[in-house]
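In what comes next, subunit A is part of two complexes: it sits with subunit B in the first one and with subunit C in the second one.
Let's turn to the complex of A and B:
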């Protein structure tokens, strides 16, 4: 059957020459390759030295992998919260990372007052739940029905308020909440890597939290209401579900999850008032790569991002760690575009 | 049609203010020069966000790109850029007036053209993204650019570049000394860049005013209203989107080149690619004034800049919190902006004739909306009852 020529297929010109059109997403691929080449040329000398180190002292790989997996699990937890809000309310929450950092500062505050940061976990969950509810009532409720850019910009505004507020209260220094758990140095085949017990503990806590949330979503009445609202808000309302309350609960639950993730981050890594935006971007990368309602995907993407970040931080230098996260965002968006274009062609 | 009638006097008043401002308020020349740059920010953002419906959070990318291109062009013909930007400062440099102005002219032109090239190249990537993905993608682009430039030692890395010093009053070109008499070098620099910024703002305004009245402006509005339909009707959306972004980039690149020279020093995160300050200011100013209108961005930028300059220093560090609150309040409660609000309240001022028939229909529609709202609350109440 002869398919009719569509406008976009027949159109060739300066911006879309035929050879690129026909060879798939030629432009996008060419540009991706060009960008990667530029980056590699810029950093080649240092990167090669670091790659050699990885080959000679192979124990370093274990270190990077472990650190990446431990931190990636926490990224996945925060991203699951974003997937929830995105999927249920269609709000792209750009202050996700700020909630994480707020949770981190709760743990740090307790640590400074002489209380063990583990207690920060329940406190952060309760506090951030209340905080999320307040933000929902004040702002989010008014932007849910509006166009998507409105919610994006409104949450970006909240993000600026929160990061600057934290900066005024705690100052711009990089902080960490020490748990006091021991760190072991493991010797293996002539080399060594360090293994911090707090990282394993945080990993297990993270898993337990994720499990609790999943069970809550599957079993509890509210969890069912949330899933019903995600499927069809109008039908849910007809069935007697108070969707406004479901939205409020979902948003608060997301804030609580982020707060808990932040406590864990403060214990195994560092926090700073302006690190929030990177955490937001991480969550976006993970959710965009995995799609929402896809828990295994979110976990895999989170762990993958954690490992990728550790490796690029080591190979390219710490300067590039944030650039890596943002670069991943661009790659994921381009990849998504390619998939969509393929889909469009199939539909055509 | 008060709108039409006050437009000409409005233009005239702004032009007169722009011309006499450096003589009347010599102490505020730099602040008023910043006002013109802010107006350029808001106008160019609105070309994309307001007229075309593509809300970019990363337009500041071209500002920084223009700044860096201009800086390199000002240095490169006379010194080795790598040595010039070396943090140890081994190289002692001085620029003759001829070298300075030639470099500046070259820098401004290449900043504009380079930004256009970047807009075309990155347009191929980002214009496949729609809605919020576009906003996040462009934001990522601007952040990534800042981070990568910060790691690039040839242009000074995170330490930045200090730009050539403006030639001192004694040996400056007599051409510039004649109109201003015997003034000091720093003042001369202020006045020189004041006029260039003013010229840029006027040029941007007049160009966009003309552009929005052409078929091209209609095409942009068609893309905003329904891109799929526009494409189906044969509008070459990708081409129009790229050209619109290039126009934004052209003027933003020049503004970046000028701003870098006004400040005299640039570094990647705070000055060149400030996503959370200038990058978000442009969105806020356009929204505040009324997006999708020609005068909205101008009014919004003026108002915002005045408020910012008057209150900023009195807020003792809380100004950024206030900025965030201002964004939230504007977006949530006042999204149509000042001009949009006026258009709604006084359509006759803008020459919009409200047909009685449609007005009646609108009342009916409003009544239906009200009924819907009643039904909705009824449903909600029922929901509560059941629960």
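Let's turn to the complex of A and C:
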């Protein structure tokens, strides 16, 4: 629990429940993962058998770690977008996952038209940025000053419309976009693990995108305006920042980031119009664990979540893979509550 | 709970009651026997609903053109009243009521999908109307003690059972002890896939093999690398997967990516997930169950062989590259009706029901003989293997057109 709070995090003073602000770091999450594993392993005999497998065929640990980290990076990307919108605008964007899936369908559409899905990345970023702007003007602007439930309902509504729209356009079948990149096999100590080049490529692309966003937030005029608005929207307005424009830009940037994540998802996993919800949940778990405005925390939590999913899928069975995500959210919240209570006692 | 009823509603209700009370005379009109069916012409099942309808129609056309149905020395024609159930079970049940009470239908053909059949069967049962269905495979349809429900297709628990049988045969040939045959299972957590799983587990136990992985896949699954990593660690002899088309697509993609070298892989929904066009050579050797295939050597009166049916169907309906088994089994259901009417030599629905239950016929779709529960126990599920991008029948060996490639080549 030793990571110091980052500067940006301590500055995040926007409307948020107290527990979200206390501490946001990936270490909490990692600890939780360990805790979940220990507890569940104690309960289940099958899980113990599976752990034995991991000891014997130890190379598979590398497989699970790599797969978890690679996919976790994409989770972190989408979650960072959510952290932005949540932090700057206090909008809990429930259609996060749908934006991811939309990006995926852009890659799929290109693939079907004979264009390599990698080109989907710039196209998805541009298209989703425009789409996000339109949604902001049409819906989000009208609910941004309302209470929590209005924005939840509005974005949930958008999610449903997007799901059904995608279903009408592309049909309910599961789709993939194939990158055509090969898989490498690594033999190690009598066992083997593989890694698909596309996953590594996606991982690197995630890194590059994250770096670009960080530089943008630090250096550019708009980035500074976004951070100023996040700190105190009223003061920013007084200083002459057009906060409406900042909000629109933030929301569109989030959609663009999600779109990019979706392109990578379509090349690694499979997409379907109704798969957005699991991506939304993952984003919420990561942001809740990491706190917003805390990019290192989001990355740590994202990677941790990816690895945790793989391990729980292996040890507890595939049906627990996603249950683990939700279980961890619960544990993080409980943990936060305990810390909070301790703080109070010390102060009093 | 007393409410005011508007006069219009009262009149409408009375009118409905009057129609409902009208004598049900439509079972046989002149020289035509009237069958009824609610089919999905719109909604999510519309594609397969129309396949089924085409199957019904081609068989009815053929029977009407070749002398009709002979009952009491007189030739009768067949006609079907169709309604669109919009792919919703509630609507299907309503339409079944309407067919029986309003249109006086005494003989029913089934709807498309297990869900719709589940909704309609209680209605036909209530009015004691025999129904021959061709598109509801769920095992649960035949555990409720229905007396008037008959299905020409194999039920869901048989879908992957033949792959277990095949694994046993291969082990025997190689001189491997059956209890050393390791099987990995990944099934989606939904009624259909769990039915399939139940059949697989029964056969594994019967044949004395061992289960090394038993994973349940979540409904909105898009990743099964954890399960497949376990497969790589445990090196099973057979991997069975069932999770509709998304399960097949996910498994296909990740078996390729993780280079899983299991010598035998069997899964449902290979065709509907378009495995071959998506993953090409990587899915060669996969085993996929099907109800029927045009390459089978089944033969019977009416349509001739499976290949003849295939040819006739393509000539009758344009736009079919391959004939879906949904159409073939629908046509077989109509043949069951004709056969039963002629053997009963009567239009009395109880007598016809008796005749249906003692059906024992060979058709282009395979043999048809019903168990007490009403499912067809004479037709096996056939197993096809993807060889060089084509689906060829490899099991059961009696009907196989090709030898099974074992172990599959990992590419």
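Convention: the second predicted complex is superposed on the first by the 297 of 348 C-alpha atoms of A that agree within 3 Å, B and C clash if a C-alpha of one lies under 4 Å from a C-alpha of the other, contacts with A are read in each partner's own complex, and residues count from 1 in each chain.
Definition applied: contacts are C-beta pairs under 8 Å (C-beta built on N, C-alpha and C of every residue); 3 or more make two chains touch, one makes a residue touch a chain.
Keep in mind that this is a model prediction, so the values were computed, not measured.
Engineer: Figure out whether A:333 sits in contact with subunit B (first) or subunit C (second), or with both, or with neither.
Structural biologist: A:333 sits against subunit B, while subunit C stays out of touch.
Engineer: Have a look at where A:232 lands relative to subunit B and subunit C in the superposition and call it first, second, both or neither.
Structural biologist: Neither partner.
Engineer: Is A:50 touching the first partner subunit B, the second partner subunit C, both, or neither of them?
Structural biologist: Touch partner of A:50: subunit C, not subunit B.
Engineer: Identify the partner contact of A:159: answer first if only subunit B is touched, second if only subunit C is, both if each is, neither if none is.
Structural biologist: The first partner, subunit B, only.
Engineer: With the two structures laid over each other on chain A, which partner does A:317 touch: subunit B (first), subunit C (second), both, or neither?
Structural biologist: Touch status of A:317: both partners.
Engineer: For A:112, decide between first (touching subunit B), second (touching subunit C), both and neither.
Structural biologist: Neither partner.
Engineer: With the two complexes superposed on chain A, say which partner A:269 touches: subunit B (first), subunit C (second), both, or neither.
Structural biologist: Once the two structures are laid over each other on A, A:269 reaches subunit C alone.
Engineer: Using the touch definition from the top, say if A:178 reaches subunit B (first), subunit C (second), both or neither.
Structural biologist: The second partner, subunit C, only.
Engineer: Which residues of subunit A are in contact with subunit B in one complex and with subunit C in the other?
Structural biologist: Looking at subunit A, the two contact sets intersect at 277, 317, 319, 322.
Engineer: Would you mind writing out the residues of subunit C in touch with subunit A in their complex?
Structural biologist: Result: residues 44, 186, 189, 214-218, 220-227, 229-230, 232-234, 245-246, 249-250, 253, 256-259, 272-273, 278 of subunit C touch subunit A.
Engineer: In their complex, what parts of subunit A are in touch with subunit B?
Structural biologist: Per the touch definition, subunit A meets subunit B at residues 7-8, 11, 13, 15-16, 27-28, 31, 39, 42-43, 92, 94, 139, 142-143, 146-150, 152-154, 156-162, 164-165, 167-168, 237-238, 240-244, 277, 281, 284, 288, 317, 319-320, 322-323, 326-327, 329-330, 333-334, 336-337, 340-341.
Engineer: Spell out the residues on subunit B that touch subunit A in their complex, using ranges where they run on.
Structural biologist: My answer: residues 55, 57, 120-121, 124-125, 128-129, 131-133, 135-137, 140-141, 143-144, 147-148, 150-152, 158, 231-232, 234, 236, 238-239, 242, 276, 280, 283, 287, 317-318, 320-321, 323-328, 331-333, 335, 379-380, 382-384, 386-387.
Engineer: Contact residues on subunit A for subunit C in the complex?
Structural biologist: Answer in residue numbers: 50, 53-54, 56-57, 60, 63-64, 67, 71, 172-176, 178, 183, 185, 191-192, 194, 196, 269-272, 274-275, 277-278, 309-314, 317-319, 321-322.
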